[in-house]
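Going by the order they are written in, the chains are A, B, C, D and E; count residues from 1 in each one.
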Amino acid sequence: MIVSSWICLGLPLAAALAITLAGNRITRRGAGYLATTACAGAFAAAVVTFFLLWDRQPADRSQASTLWSWLTAGDLHFGLRILVDPLSVFMMLVVAGVGSLIVWYSVGYMDGDDEERRYFAYMALFVFSMLLLVQGGNLLILLAGWGLVGLSSYLLIGFWHQRASAIAAAKKAFIMNALGDATMALALFLLIQQTGTLDFEAFSSSTSGVAPQLASNHWAINLIALGLLGGAVAKSAQLPLHTWLPDAMEGPTPVSALIHAATMVTAGVYLIVRTHAIFELAPKVQDLAAGLGAATLVLAGLIALVQTDIKRVIAYSTMSQIGYMFLGVGLGAYANGMFHLMTHAFFKALLFMAAGIVIHALAGEQDIRKMGGLRRLMPWTWAAFLIGGLALVGVPPFAGFFSKDSILAAALHHGWYGDILWFAGLGGAFLTGLYTFRLIFVVFGGEQSDYVREHPPHHHGDRVARWSLFVPVGILAILATIGGWIQFANVWTPVTDWLRPVAEPLAEATGWQEAASSGLAVALGLMGAGLAWSYYGSRHEAIPTWPRLRALLEHKFYFDELYDALFYRPAVVTARLLYALVEGPLVGGTIAGVAGVFRGLGRESSRLQTGLVRVYALAVAASLAALAIVFVAVR
Amino acid sequence: MKGPDTAWYLSVAAFLFAMGALGVMIRRSPLIVLLSLEIMLNGCNLALIAASRHYGHGDGQIFALTVMAVAASEVVVGLGLIVAMSRREVALDVDQLTTLRG
Amino acid sequence: MIAAALNTPSIDWFELSPELALLGVSALALLTAVLVPQAWKRPVAAFLCAGGFLGALVAAALVYGYSSVSVEEIGDAVTRDRWGALAQIVIAGAGLLAVGISYSERMSDDHIAEYYALLAAAGAGMAFIVSANNLITLFLALEWFSLCLYVLCAIDVDLVRSLEAGLKYLIVGGFGSAILLFGSALVYAATGGLRFGAIANAVAARGLTDDVVLLTGLAMILVGLGFKASAAPFHMWTPDVYEGAPTPVTAFMSAATKTAALVLTLRVLTVAFPAETHLWRIAIAAIACASLTIGNLAALVQRNVKRMLAYSSISHAGFMLIAIAAANGLGGRALLYYLIPYSAMSLGAFGVVAARERELGQPVTLDNLAGFGWERPLLGAAMWVFMLGFAGFPLTGGFVGKFYVFSAAYRHGWIWLVIVGLAATAVSLYYYLGVIRALYMRPSAELQLAPSGGSPPRELLLQGSVAACLVVTVGSFFAVQPLIDLARDAADALPL
Amino acid sequence: MVAASAGNVVVWAVWCLAVIACLGSGAAVVSFSNPFYSALALIGNLGSLAVLYLLLSAEFVAAAQVLVYAGAVMVMFLFVIAYLGGRADAPWAGSASWQTLGAVVTAGALLGEIVTVIGIDAAGHFSTSAQITDGFGSPAAIGRLFLTDHLLAFEITSIVLLIAAVGGIILGHHSRRTTREEVSLERS
Amino acid sequence: MNSWLATVLVFLPIVGALVCWLVPMRRFTLGAFATLVALVEVGFWIVIAERFDFNERNGGLQFERKGSWFTDLGVSYHVGLFPFSVWLLGMAVVVMAAAIAYAFWAGRERPRAYFGLMLFLTGAIVGVFVAQDLLVFYVFWEAMLIPLYVLMGVWGGANRLAATIKFVIYTMVGSLLMLASVIVLGLHSGTFDMGAATRSNSTWIFLGFAAAFAVKAPLFPFHAWLPDAYRESPPEVSAVLSGVVSKTAAYGFLRIAIVQFDIPVRELRTTILVLATISLLYGSLLAFRAPDVRGVIAYSSMAQMGLITLGLFATNLAGLSGAVLQMVNHGLISAALFLIAGAVERRAGTGEFARLGGMARGRPALATILMATGIIALAVPGSSAFAGEFLILLGVFAQGWMWAVLGAAAILLAAMYMLRLISGVLHRDPAPAVDERVLDLRLAEIGIVVPLLACLLALSIWPAAISDHSFGTGARSIPGLLSLR
């Protein structure tokens, strides 16, 4: 079991290194296959691990393995350590599974790009990093994976590096994630100071291990939880650190599908579940997480209404869906959150990949205003997109229905605060229906637009490339349809049971709560869809015309502007000021000044040397007189 | 000891010495500067001889005699220099010897 | 009958052997001027002079070896001790190297033999003064080598600069000697002794520690000696004379005169005026500070390299005076140790300047030194090392010297003096490194004038001398222990 | 006693005269504008000093002073001044007044300091001087000292004189070459 | 035999330097010879590392050798190695070898002087790291300056003269203050042996040492020499300056300032931490706006030294181990960065961002290497630089949460300036200065930089190699460290 999980971790890394070192000696497509095979191998290893773990007693389903001491200082030892338990295996399956599908898809999508090899190296690196993140056996290794996925994300967003916008987006993503890394690191310092360990076993429950020790220090535990939440929020693009995600759509579409929809951005959810014991000791922070999730889901849903870029709409939808997950895990419905994470990975990847096929077919065009009437031209794509959309909205029997609604139900368990969140979630459901179907109607419905007529969709590349585009999408479409069937709250709960040894849920909804939530959510989602149909189905208008609100939404609530004014500008201005006021005059000027003073003194003392011999004698005599008088005076 | 005692002689020596020093410091003619140096040395000699008398042993006188020889030597070299300078058409004015300065 | 009554002092010829060697050579060189054909004068006189200095060196070394106990000799006029002998070794070495530097100097052939005779004679005078044991010997030896130097400075009688330097030196030097002499007279008047020991005894016996006449005399002696050591504020002759004098003479003066004056200063002050230590120590410290300040500041703005080195020598006088001011065993050691690399660096640096001067036929400035380091690798590298040594960088004896000097000051408890010395070192870096900058970092294309035609003369003797200086400069860094042992044994001769 | 005191008065009188002559001629040396007169005044100075030496029982020194100094040295001086002729006349003084003022103040301070310290000690150990023997200061005594205690000084003096002679020869030597490139090379 | 190794390591390059200077060789032979000597030096280091007993419990001095130099003041040629010195030494010899090889490849003018000076510099730097006598330490410390001055002044850029004089005088002022402290401490103890010298309580002596190290590191506000020096030197000299020479300052802080001065460190800790933090933030901010590649690396180097100082003056095991690790990291990183910057400047003729850009396309080696170095430099989690910074901040966290927060903020800034550097060179459309003739890195350059990068990657895989093998168990490596915890 340990071996298989190490294999799972090692295969993608090996692929990344092999592609990098091979350079031109490997064909472009060879690189793609290598990466795909490695990821598939990782998935196979994850499956093996899963079954091996399945065989054990629930209480016995946790095993750690340390390769070597990665970082030590005195008594502190942080091993290069993985932890295999239900949660990590769950994530391994999702990551490696969806990952291998998307890498496969990339073979077709990236076909013909100049730097395919680099792309696949990065992708393999990402999968490795993500697996390191989820397998890491202590917070430090998790943080390492955390940083490495950020790095891969940076590399892949900026993959088309001639584009200034792509580079800017990549930098933005990296720096906002680094902010999260920093708060996490600080939390880790505090945690080390309080407990002396970062191993997950110590934090497995809020009552055992080091928990009592932590609970005694109220401030510390809140700060630790807050720091971890900072990391989670940054990585998962939740308010207020969400602005990088839409920009990240500058990357190739499979990247968006894998990193910015299916896996990396959900790492925050994983982190909260993994360290749930800490959050449970700091309930206010946990509430904050849920609140942030709720706010994000509504806000992102609103913004998605006015976006005109097909990928950005999906990106905002991703934010919104992760908001649901945060809501869930913030409320203690860990299994529900994780379940939604999984289904979301399926249908969101599906949406992105279908969108990718559209973009690919339309020669890179992403603006939905130029699309329209694609349904007849690309029926299969339309079908896939529709499945994804239905799953997203949460229409039964698609995957989203099973996972999303039980999160909402959990909110009802949480007093008045939970009620507010519940309403927000329901509102979000409505918005989801609205923006999803707006997208579907605008892109696929109606008449063919001028642009589409001018650029009739066609598939590039050879058959192999086409197949590699369509087969993964098909698989995902199936998964988006049936993936949710593995759990039906209160009736059939294998996911919850599987995760129970790691994260005992705080809240489990009762039957009527489940029913009410499901019913309302589905209804609202369908209402949204209906509204979308009534608005966009007939009239071909991509954006609602409501000027002031539209401006607000199009500027994404002015978050970018705010951060620009709050952080970036001040940093630039401070740096300029430091150059102008400190570095030049003060630091450099001091030297110049001192040197000038000495040169001046030198010139003066050199001028004393008049060349007049009488003055020389005078100097001798005068100093003699002074010396003699002083001698006699002080004797 | 008859007449003024040693302090008087020493005072006269000091006068001579200071007078010579003043000459060196204010005169511009190198010849007169050399003469002023002689006066300084004479002041020293007077002091030496006075002290020699005061202690009643001849060391000071010996010293004074050697000083005379030294003074003569300085004069020889100094005058040699002055003659050499006049040959090179250099003005005999110490204030104009300012090629070397700064 | 009279002869029987005369109790002529026994003369220790061995003690006098360094001086006698030099004097004898000087006389022979004078004879050369008369007897040897014009074409042979230069080599013969130079060879004789070098031989004399070499002989003096060996003799002084022998004297050092056989003088573990100090003895006053020849009517107590001189002391035979290791302090003097070690200084004689330094002086003789300086003279030997100066001969090498002088050899190819473009100097009028008229007085070439006399030049070497005077060089040897000056060396003899200095050898005397460092072992002087009474005020008469002190004064006479001082005048002896001063007269030689006056003439040597002006020996290029066709050069106005040279004459000007000679006359200035003579006037101010005479003035300084007169002050020293009057000081001696006052000390004699106050104590009745001319012998250093007798002065100290009289002060002790008659309670003259605070006697004002004695103190005035002491002040005057200090000024006179400070003058010879070219310490500020009695330094003002130094830049002019160093610049005007023929460069080999400057080289010799900067090394040997300073050695003689400083070694003697410590001897006089400790042997004759031990009771006034508290006073002269402060005075010397003040003089040291003044020298460090003025020497370094004025050197900052010099363009003429000789003049800059002159100011640098003033500042080094300041450093060595710190050792004297410390007036402890460490200080004595520090002084003698410091003098060894200092002399080598000084001679070597002026030697390099002389080489460049001969190439260009005009005074060396920082500007026309450009590219010299690349054209003449040995001389350039040597100059580099000398400048680093002056600045007190490690791998040269200059560093250890400064280290000892500062240690001595600290041992006395004068940390402030250490700070002053360090500050001066920091300032001095600018101009020392400026020379290196000129040597290596400025392309010679910037040079306005071309070297005076042909390939530069191969001056083996000069290069050999500079190389020897280099060896001493660097060697004294590694061989600290033996040199310090020598210096310690020497300093033990003084009542420190 | 009377004879003694009368002798004392005479000595005082002679002393006063000699001192006046000495200082007066000294002042003259320093202040005459013509070096020739200054040199002549120095002869007077040396002569009056010789009188003071006699009063201090330094007969041999006094004699040497007159013979060697006033005789030989001054003759050399006068000879050179004559040789230089009009070129010897330099401006009296001049240039910056602060130099002159500084010189006068410095010389005054120096004088004041020395005289003051002598005055302080005058009542102390300068008040009683040692008794001297008959031969004190006589050529014989001096000669004896020169050959015994101060043998080295004697020898060194001779060497110093020799060096001065050589130096004089070198400097006074008429250069065979009158034009050399270095002559024109002044500081750039 | 073992006890000779430290001495061999010091004098091998110096002998090599003498050979360069004295034996006439042709340009190629000289370069090859110097590179060979540097590689042999690395080989000797490997021998040392292999023979070094890292398991010794108290982590004390090994390979010790002591010979009297002058006895009356108690100065001796005393060399030896602590575990942490071994790592710094290794970093130094590797970087020096890379720098010399780079110079060989770049074909510097006047090779005799050049390679001699580089080898001499190597010897001096090694000397600093092995010296166990205050005066010997000072000697090597100063000896470093001699070749650096000439290397910068002769082979540097257009404004080299002003830069060199500023550099030397500035650092010498600090060094002279240290000399004062050396004298006072040594004479006070009666010996200059670091192991035997008494620990001092004098703040003034401490400040003397601290001044020298603060200038050399440099810490704000003693860094005025830094931008010019790093910009005007030849790239490999900049690499040595920022990679190795600055580490001697940090080493000095560790070996002398912290160990010998118990109470002053405690009293002045806050002040120094403040200075270090200001350096960190200030350097990062300035690096963020620097107009050229070397400017960014220069100011980032200052920031990194601030960070290392933070770790050192945390004076706990985490901080110290982290600082040692980070010293090695940063040495390798900044050397690699400067060499790459040199390669870029060589091709484009400029280092200004305004005229650079778009070098990634068609130049995979340059892009990969610069990207890899850059992301390690910005301490992406999982890299060795991250490990070092993590330990440093963890250590300084114990002294107060504020330091760690500010340090974390600066790491954010590090991401900003380093990404700006990477993008400025590699990304966007090719800039005017980058045309088709601008080639990818040549094999030789790759061969020089990749080993540095490989060391960094190896350390990323196992940072505990250094952090766990620097101070022995329980921080008893140096008498005194324990009491500071």
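Note that contacts are C-beta pairs under 8 Å (C-beta built on N, C-alpha and C of every residue); 3 or more make two chains touch, one makes a residue touch a chain.
Just so you know, these numbers come straight off a predicted model, no measurement behind them.
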Set of chains adjacent to chain A and to chain D: B, C
Chain whose averaged C-alpha position falls nearest the assembly-wide average: E
Taking each chain's C-alpha mean as its centre, the one farthest from chain A: D
Reference chain E; chain at largest CA-centroid distance: D
Chain pair whose interface holds the most contacting C-beta pairs: B-D
Separation of chain D from chain E, taking each centre as the mean of its C-alpha atoms, in whole Å: 70
Separation of chain C from chain D, taking each centre as the mean of its C-alpha atoms, in whole Å: 29
Inter-centroid spacing, chain C versus chain A (mean Cα positions, whole Å): 78
Intercentroid distance (Cα basis), chain E paired with chain C, Å: 43
Contacts with 2+ other chains: residues of chain C: 136, 140, 143, 147, 150-151, 154, 157-158, 160-161, 166-168, 171, 175, 186, 189, 212, 215-216, 239-240, 302, 430
Overlap residues in chain E, where contacts from two or more other chains coincide: none
For chain D, residues that touch 2 or more chains besides their own: 95, 99, 102-103, 106-107, 110, 113-114, 116-118, 121, 126, 149-150, 153, 156-157, 160, 163-164, 167, 169-171, 175, 183, 186-187
Contacting chain pairs - touch in the sense defined above: A-B, A-C, A-D, A-E, B-C, B-D, C-D, C-E
Residues of chain B defined as touching chain C within the complex: 6, 10, 13, 17, 20-21, 24, 30, 33-34, 37, 40-41, 43-44, 47-48, 50-52, 54-55, 57, 59-60, 62-63, 66-67, 70, 73-74, 77-78, 80-82, 84-85, 87-88, 90, 94, 97, 99-102
Residue ranges of chain A touching chain D (in the complex, touch as defined): 612, 614-615, 618, 621-622, 624-625, 628-629, 632
Sites on chain C touched by chain B in the complex: 135-136, 139-140, 143, 147, 150-151, 154, 157-158, 160-161, 163-168, 170-171, 174-175, 177-178, 181-182, 184-186, 188-189, 192, 194, 239-241, 243-244, 302, 307
Chain C contact footprint on chain E (complex, rising order): 21, 68-73, 75, 110, 135, 138-140, 142-143, 145-146, 149-150, 153-154, 160-161, 164-165, 168-169, 172-173, 176-177, 179-180, 183-184, 186-187
Footprint of chain D on chain C - complex, ascending: 5-9, 11, 23, 30, 74-78, 106, 108, 110-111, 114, 117-118, 121, 124, 128, 136-137, 140-141, 143-144, 147-148, 150-151, 154-161, 166, 186, 189-190, 206, 211-213, 215-216, 304, 361-363, 365
